[in-house]
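Chain naming follows the written order as A, B, C and D, and within any one chain the residues start at number 1.
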């Protein structure tokens, strides 16, 4: 069976997803594309999906009978509206993170999806599809270290773009770590706090880069996350979980060791597309397979909501300098029996 | 475009390849299967390819107009005949290693393929599709260590089956390392020699496990390969290349580090299907893509021939205890412009 | 030249120091020992220093003309008084950390030593003598990562004794990390804060183990220190420094890698005497050499004071749950030109 | 008790040993020095042992009543004669490797020492005093991997001096590995063979650098040793032992990891004095302690003999290109109950 995917947003990551579906994944075709700048969609179609129709509006794509399921990689502020329209059309939708730019927006999606009485949404958190993180998850499931008490993470990018803001450091970057720990630990967050170390001189002072975020889960696990989006040296993601009986640590990407000139060196990836190449493939394959089977399995709207609500609290904490409570609505019955990734 | 693959041999690895093509790869369908024990093919069809026809003979599958390309995972001694028939039928064929059980058999395939004047054969050496080995290859291509002078490799399996023979230690196991160095260094071998260390008591004495093989390439690179098929502890593949200016080493598989009970431990894969899961996916995707594009790119018949001719010399060396020359025919013009992996 | 050392306190670590001076170090002899329980001193004398006199009081030892310099390893609450008496006697004194149990006590020592107008005190912080930490220090000195912005550390012990209290987690354990960063970064601390993660069930609830301490240096470097004194798995000390241009990480102790039973494992030391064996040797050798040369070089009274004053603030922060300021007196002129370790 | 050491040979390593005894070791003084170029001895005396007498001849030093034990670091061809004279004088002697330049020379020492009926000689093999090698030895003693079947080693120097010859690659470099395996495995060697890989262009062609040596122990353990004395990148010593149940690997020296510019790098030592600094300290401390106790414990004359006799066979194998037998005399009763390191 082949799933017919329509793509909304064919920028950097969106185009990469089209390539992925056209060339790498099993069971997917690409009948339609939409992009705000239509010529960009045209170019991507020519490159990867020559028979795809480029639609004039996203609504046209969503409603097209040629399109069975939708992949959204457009700008973050368009996500909520597009996901709601896909749900209304009764179609499966893969939406890049964040699911919506506010917790309120996510809530509206939760309501719509619950009302449709069918799980239709997968959120684009790719780390649960990374071998290393899966390894951590499976060792936690096997109780390798006993109850987790603390965790330490780092999320480092070599450089942030010129328009990167202090809030985006949370809403675009930290949000992955929020979701990661939600998924790894199977619990949500109670409080958050943000600290500003001495800033790097290599970024705009207003960005206040790096930052240290403390997340406290409902059971009291304390998580430190260093976020540093201008670390210069690489795209570097670290994660350690400390339990009553031991520690688990995310492996480094496997790269050849070179002995030369008095040192042994190992390359560090320079961007997320290199670091998580296989994970991106797998998250979209999971979506395609889920659509084909009629049962989605990856990060759901509830995960998207928890991430956004927690990120909102972090942004408040950036401003207040205080510990901020994470306020979550009661988890709707509809989302209680999620199939874990 | 979708490539229609017929599978000959649905044992352990063959069934895994069917699963791969049905569920993971892009652009492949499975219209036909054959297995010596027909019921086994039936079971695999039910599991992964419910619409596939199970043929009564391999010839029926090869000739079926529903089948565009053939994947051979049957017993080694059937390879030569089946590949020749596929070539005769003008069809692309992916054949698990070894291409044939003797260098002579491989030569007959070289002649048939040259006569067909079209590259039709890809040999199932998967290591060139492994991230770690590709990393080595790309660093060599970038001249990271200068001219290579020596290499050290180990090929360890936890246990060999009961029917594993001393020759199979070469023809089934070492053959991967032979191909690996042929591909990495871009040269073939001049002489080989086999040494017997003190044997493990955990295998049949006749097997003489482990063994040490010395391979000398045409430019004089000296390669040591430890082959140990009952090492107990894991499926462990090592490779180091020593050049004039430095050393390159194959990375270990990325696995989480666990600190517990006074030690830090990292899991070692226990079989090749775990160790090379992604590489197997990629080698078959490359075959599918090559068939669709009309241009195969992976290990070709010449690589299969070199591996078998070198393995033959190693088996002679096992018996003689002497250095044995590797005798190769002149590389036919047809194979001189191989597209490297 | 040989330095004649008198030892006060011959418990676990004290006896080890006697052994060290008698058997390992260059240029030291042991003419006198004192211990509260005299028989214990007797036993240690028999074992390592058969010609040593066991004195009835510490004062007798301090004043003995046979004793040129004093090593104090007695209970923490005795340190201040003994160091002051050694200074009064005009003798060099090596005092195990903490220099005094309060910042006030350390201040009195600063005054006495300044008044003596001669550096006489070395505090027993051994990490600056560890190869790994020295490697960090030397790379920082070479500006390997640019200005440091953050640091992450962990200080883990497998088990704490039965009488270990929440305060001791700071005054006996964290104090090493406080000194480490004071020395590595060359600056003192502005504020501290303590957080309580979900506690381990393997320690007394009142201990609240583990804890997370945030230290902010005068230039704004933000340091996270996980302190976990019942981590079960080993004596494990971690340190990472994040600068504008890169990250530096403390090496793991060098131990053989064992591949066996599906894993590669490396032993973790189980106590500080194993982890820092060589560092202990070197700190005492530095003291002996310093005494012989008439110029001490290791951690001085000011370092001892900064550590204690910062620890005091951490203990206040344990109780208040708030960020606490570290109040330091102005650094006396006398201590401004310390010879760094 | 203090041991009075006389030093013969105060070149590079000899001067370092004087410094060691004067400044680092416990229980040693330096009353006398001799060097062929007397002014060099004078300089070293001034630097490290101002009260030492510089003798006019080595014999004068050996016979001096001020000298209790002798440390020989003079040119290799002088070793035999000087060791014999020390034995004749009834004095303990530490002799840098090789014990003598030929197996015959070593035999004469065996006879003299046996005749003296007292162990007087320690040979300067320092690796058994290195933490990493001791870790290997202790894990072997605990039967961590079962019976050893194979081993792989590498002995790499960045550059060899201008007068380094093909034979010295064996007699000065490989000899350490010969002794290492003799000590680790507790057995001597049956046969040896030498192979010449493609040579580096960075050394004189006559040197034929690198080389691969195969050593076969009496029980059939097969050892590969890569010797490469112009590897450019560092002083790099590797050792892996493969047993029936697992593999043991020598740890890398502990050095800080630096993440910077897209790579994680760890420094490699550039010479043996850096790599084995602590091991050199310990081997001489063991000698001093052994002299004081009247019982030497380190590598003995028999170990020196085995190393030289095996090296002789390797030099024959360099010339013959064939497998050469190692011919050993029967181990004299006198050496059968060696105290292992």
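One rule holds for everything that comes next: contacts are C-beta pairs under 8 Å (C-beta built on N, C-alpha and C of every residue); 3 or more make two chains touch, one makes a residue touch a chain.
Since this is a predicted model, take the numbers as computed values, not measurements.
Interface repeat of B-D: among A-B, A-D or A-C, the matching pair is A-C, sharing over half of the residue-numbered contact pairs. A comparison of the A-C and B-C interfaces places the larger number of contacting C-beta pairs at A-C. Subunit C has its Cα centroid 57 Å from the Cα centroid of subunit B.
Separating the centre of subunit C from that of subunit D, both taken as means of CA atoms, is a distance of 37 Å.
Distance between chain centres (mean CA atoms), subunit A to subunit C: 44 Å. Shared contact sites, meaning residues of subunit D that touch two or more other chains, fall at 232-233, 236, 245-247, 252, 259-261, 266. Those residues of subunit B whose C-beta lies close enough to touch subunit C in the complex are 158, 232-234, 236, 252, 259-268, 270.
Contacts from subunit D toward subunit B in the complex involve residues 147-150, 152, 154, 195-202, 210, 212, 214, 219-222, 224, 226, 228, 231-233, 236, 242, 244-247. Across the interface of their complex, subunit C is touched by residues 22-26, 28, 131-132, 135-136, 139, 144-145, 245-261, 266, 278, 285, 289 of subunit D.
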